[in-house]
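After this come two complexes, each holding chain A, first together with chain B and then together with chain C.
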Partner chain A sequence: MTATPIPATYRRPLRQRLAVTLEPWLYCAPVLILITAVMLVPLILGISYAFRDIQLLNPFSGGFVGLEHFKTLGQDDAFLRALRNTLWWTGASVFFQLAFGLILALLLNVPFAGRGLAQSLVFLPWAVPTFLAGLNWAWLFNPVIGPIPHWLFALGLMDEPSNILADPSIAMWGPILAATWWGIPFFAITLLAALQSIPKDLYEAASIDGASPIQRFFSITLPYLAPVIAITVLLRTVWVANFADLIIVMTNGGPADRTQTVASYIFTQAFKRLDFGYASAVALVLLALLLAYSMVILVFRQKLSNRDK
Partner chain B sequence: MATMEIRSASKNYGTIRVLDDINLEIGDGEFIVLVGPSGCGKSTLLRMIAGLEEITGGEIRIDDKVMNALPPKARDIAMVFQSYALYPHMSVADNMSYSLRLRKTDKPTIAEKVRAASSKLGLDALLERKPKALSGGQRQRVAMGRAIVRQPKAFLFDEPLSNLDARLREQMRAEIRKLHRELGATSIYVTHDQVEAMTLADRIVAMHGGHIQQVGTPLDLYDRPANLFVAGFIGSPGMNFLKGNIADRQLHLHDGRSVALPETMPATMGDATLGIRPEHVVLSPAGSDGLEAAVELVEPTGHGIILHLTLAGEVFKVLTHDRVWLEPGPTVCVSFPEEALHLFNAEGVRV
Partner chain C sequence: MTATRLFGTLAHRAAILCFIAFALFPLYWLLKVSVTPNDLLYSEGVRMWPSRTTLDHFRFVLANSEFPRFFANSLIVSGSTALVSTVLAALMGYALSRFQFRGKLWLAALLLITQMFPLVMLVAPIFKILSPLGLTNSLTGLVIVYTAFNVPFASFLMQGFFDGIPSDLEQAAMIDGADRFTAFRHIILPLALPGVAATLGFVFTAAWSEMIFALMLISGSEKATFPVGLLTFVSKFSVDYGQMMAAGVLALIPACLFFLLIQRYLVQGMTAGAVKG
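So, the complex of A and B:
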């Protein structure tokens, strides 16, 4: 050591100390400013709408109304029905996406000629814009131009070739079917990646131990996939619950609000009724519900993986 | 307990033939070791016996029943994998009892069998652990435990010790041998470690390039290797080879010198290879009888000394236990006891 030690009483000049303290903040500044500008400001602004009266058609609106929107919300039957519809829509869509995605992943994991091509084709629905997908399915369900009602009629499932989307009792199945078709690739691809990481010799060991293909699936494949399934279901649930495109395009919430979900309700309130304040309040409720749901799933997952250790 | 018979079995991957005309009979309770260099088809043969790999040609019989078309579970064999292949989501006890549970064995019997196997393998304290909380050696034992609980007709091992360190390998080797003596089950053990092969086997099957080169007891292979491949593969350090041609009961080396051959060997033969193991070579100081060879390197191994020499332009190794040879000088003389010589013809086959 050649440097002389600094005596304990020595203090650097103020300017130098200031520079040392500020230095890390200067490095972080660009990111902090960016995050504040593009994430925090809009978020806070959006949340603030929920407590204000903002209607585009009313030039005198804009005032602070406190919890007024939330009180209205509590008595809004359309909102409550939308909440129930959201549960149904999200649950069914995610369930079918998972079920068919898993089946597809298992099929694609078996070697066959042309597997590479099949794997890339499976990805295709994912690349179709949702708007287009919605229109496409709406046409398929339309008895004038689409084949589906005629098929259902031929199978005896329908008394006459009519439009599912126009029948209040079954209209929800239309968007659910479209969402399933559109969401299968996501599950198929993530689950396929997980399947391919399972060591082959586990299956070999199990088949020597005497396990049938189904027993192998339940004792090896499923435990391996469980964490991946948990996290993809979480992501998809949040995504599908927020996902209004297909419903807006296919049924616009109708008939008789039977396919109105919270997400499409927000869209209707904001862009049809132009009541941004109320729409923000609904959105805030949805946000709170989804946050609570994510928390539950994450805690559950944590428990699961702890038990695994 | 079972006998096994492999009749002109072969295996193709696409158009590539990786096993050709394999014939082997295995007696009840025998411990067979398959050895050979990497890629010679040992694992493939083992997996064909297990039913994990299709048999292209020929047939495999266990207890006189043709196994070709039967799935693994119908063959009643157990296999220990190189990677152990333990089920990661099951505890040690569940790993071991899996096959019994699949067979719907009743609970008390399962508990009894798992307990017996775990005490035999020293796993009693680990039964509740998951595989990832075990050391490599412990995992190896669990894999063995999983194989022995259901008392199969035969055990198959695919390089079960190759992921362990040298000391542990030695220990497990002895335990496998002991286990086999206790259980007496027919076993086929794949390794490319020839020490494992020599110490474990009742009979060794030496393989090379998809063919069986020789089948015999460890000492058979050591004392009377059937061809150049087996001669070079068995033994460490490997056998030395001197190339030349034989006339007047002498092997004439390419550098003009010659080695006298014993009476039992042919007097004339043309091109031939003479083999001698490093531990059988007799060393003497430079200037004595025998062939003079330059010393390249002296390798003390603790329990012996390996001299690397150059003889007739080839590497020639000598293993000695006499510490005099720690400083041998620039050249030494080597001579060969008659009974330690092996002679191979131009095709590499023993004569």
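So, the complex of A and C:
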């Protein structure tokens, strides 16, 4: 759409010009107002809470405490453990989601009878509400009603059918498995869309030149997918690091804080102890870490795409 | 050569079947336990299908528990959130798709940033803001919060669909004397109906699943949404597995229906976006 150039001798009247300038903002205004009121103002308020003593049940709280919360944080072993757990939880969940999501996308990119049905079925977990996904997997791990402990026992991987969510050394695998189950469709949908946008003649040309399927994958498919994978992994990592639902539902951070992540720790501080000040301080640290991570990834991606040119 | 080809086809189908089995098994188990009579629950623990089935758990949950109310509350909240978000996102997405204006890039960046920061960070301040307004323990409060959380992504989704509709169409209508908003409503919006459906479905599913803010903002069972009700039920009656899972199956129904309706459009919309790059 090209704008018609306005002749210098003719200027539209002020009111009309104002209407043209304002028009897009009228369309944006409702969203803008809502986001400001419900996300930006609370964000700024939350940052200020991090430096104040805010406890819901204590009417005398509310005073400015400076960096007190952050000093406490530095010595809070539960927080430091939550930080380590977050790395493990996020890294493992995103890795498995990406790996299996990519495999699934490649499988679904091949035409076959019943592909539409297969696609609907494998994407179904994504529609399952996360609280239910968490409960569902917690039940599967429960030796009373779930089959998984009995299978592991039959395979000789377990001395007796017991709940892995109750075993501090392996409890984290429970939420990771549930997150993988729930997150594979997201990666598969995104990567499938990217796969379908790769020009088909590239493959034809490559196979005429005698490239094997493996060569075609590494020299056509992967380079095409790389930018999509990079941005999806970035977004998902941030999202999974913030995602506390599965952990709250499945283990509530236990046993012995072994599955407590920073996100679930924030929720526990705010919801159970009603200590809004301390929760906000933890949240601010999480925000800073995620920002730093995003910066590193974006710079890295920029470097990579510059090198190609 | 044909042998390897046959082997490849078989391996491909087997792999697809594995993925389907992995995706469906937990849901299958949920359904299985929800129809298993209590006396068989422990004796036939790992059997794939109980020797007798019953709908007692569903009957109990529907007649004697508060789940119908939780279900209705969740429907109201998710339905309203989906409607309001889609209307707002259609306007915003249209502006992003059709207008060139100063500050547009900043606006898009702002929407993107709201998707990046930890929502759990907002739990405490939002509670503090909504409480004096009487919007805690209220379904309206939840709708407002959920709409704000979902509208940025919904706007991008709608923008993608509008980008696929040639702008000559409303140009023609505007030359014929319609103003832009009329052209948008009568010409563009009907053409973007698949996009509207996808956006509705996406937001509905997201609102139906939300748990953290529902737990924080709602107290008491009067206004509880499904996740709050289910988690309360689980912590109170943690031995009644049949009933819990029957309730779980109920929570699954609307989300899955919506998803099956829209998933075709969703892949379509994302493909269109990807082609545009």
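Methods note: the second predicted complex is superposed on the first by the 271 of 309 C-alpha atoms of A that agree within 3 Å, B and C clash if a C-alpha of one lies under 4 Å from a C-alpha of the other, contacts with A are read in each partner's own complex, and residues count from 1 in each chain.
Here, contacts are C-beta pairs under 8 Å (C-beta built on N, C-alpha and C of every residue); 3 or more make two chains touch, one makes a residue touch a chain.
Computed from a predicted structure; not experimentally measured.
Clash-free side-by-side placement of chain B and chain C is the outcome of superposition onto chain A. Applying the stated contact rule after C-alpha superposition, one finds that A:A263 touches chain C and leaves chain B untouched. Of the two partner chains, chain B is the only one touched by A:S207; chain C is not. In the superposed model, A:P199 lies in contact with chain B only, and not with chain C. Contact with chain C, but none with chain B, is seen for A:E23 once the two complexes are overlaid on the shared chain. Considering which of chain B and chain C touches more of chain A, the answer is C. Between chain B and chain C, the smallest C-alpha to C-alpha distance in the superposed model amounts to 6 Å.
Listing the residues of chain B that touch chain A in their complex gives 50-52, 71-73, 77-79, 81, 83, 85, 87-90, 98-99, 102-103, 130, 133, 146. The part of chain A that touches chain C in the complex is made up of residues 1, 21, 23-25, 27-28, 30-32, 34-35, 37-43, 45-46, 49, 54, 56, 100, 103-104, 107-108, 110, 112, 116, 118-133, 135-137, 139-140, 144-147, 150-151, 181, 184-185, 189-190, 192-194, 196-197, 228, 235, 238, 241-242, 244-245, 248-249, 263, 266-267, 270-271, 276, 279-280, 283-284, 286-287, 290, 294. Residues of chain A that touch chain B in their complex: 199, 201-202, 204-211, 215, 219-220, 223-224, 308-309. Residues of chain C that touch chain A in their complex: 12-13, 15-16, 19-20, 22-24, 26-27, 29-30, 33, 41-42, 45-46, 88-89, 91-92, 94-95, 99, 101, 104, 107, 110-111, 114-129, 144-145, 147-149, 151-152, 155, 167, 171, 180, 205, 208-209, 211-212, 215-216, 226-227, 230-231, 234, 241, 244-245, 248, 251-252, 255-256, 258-260, 263-264, 266-267, 270-271, 273-275, 277.
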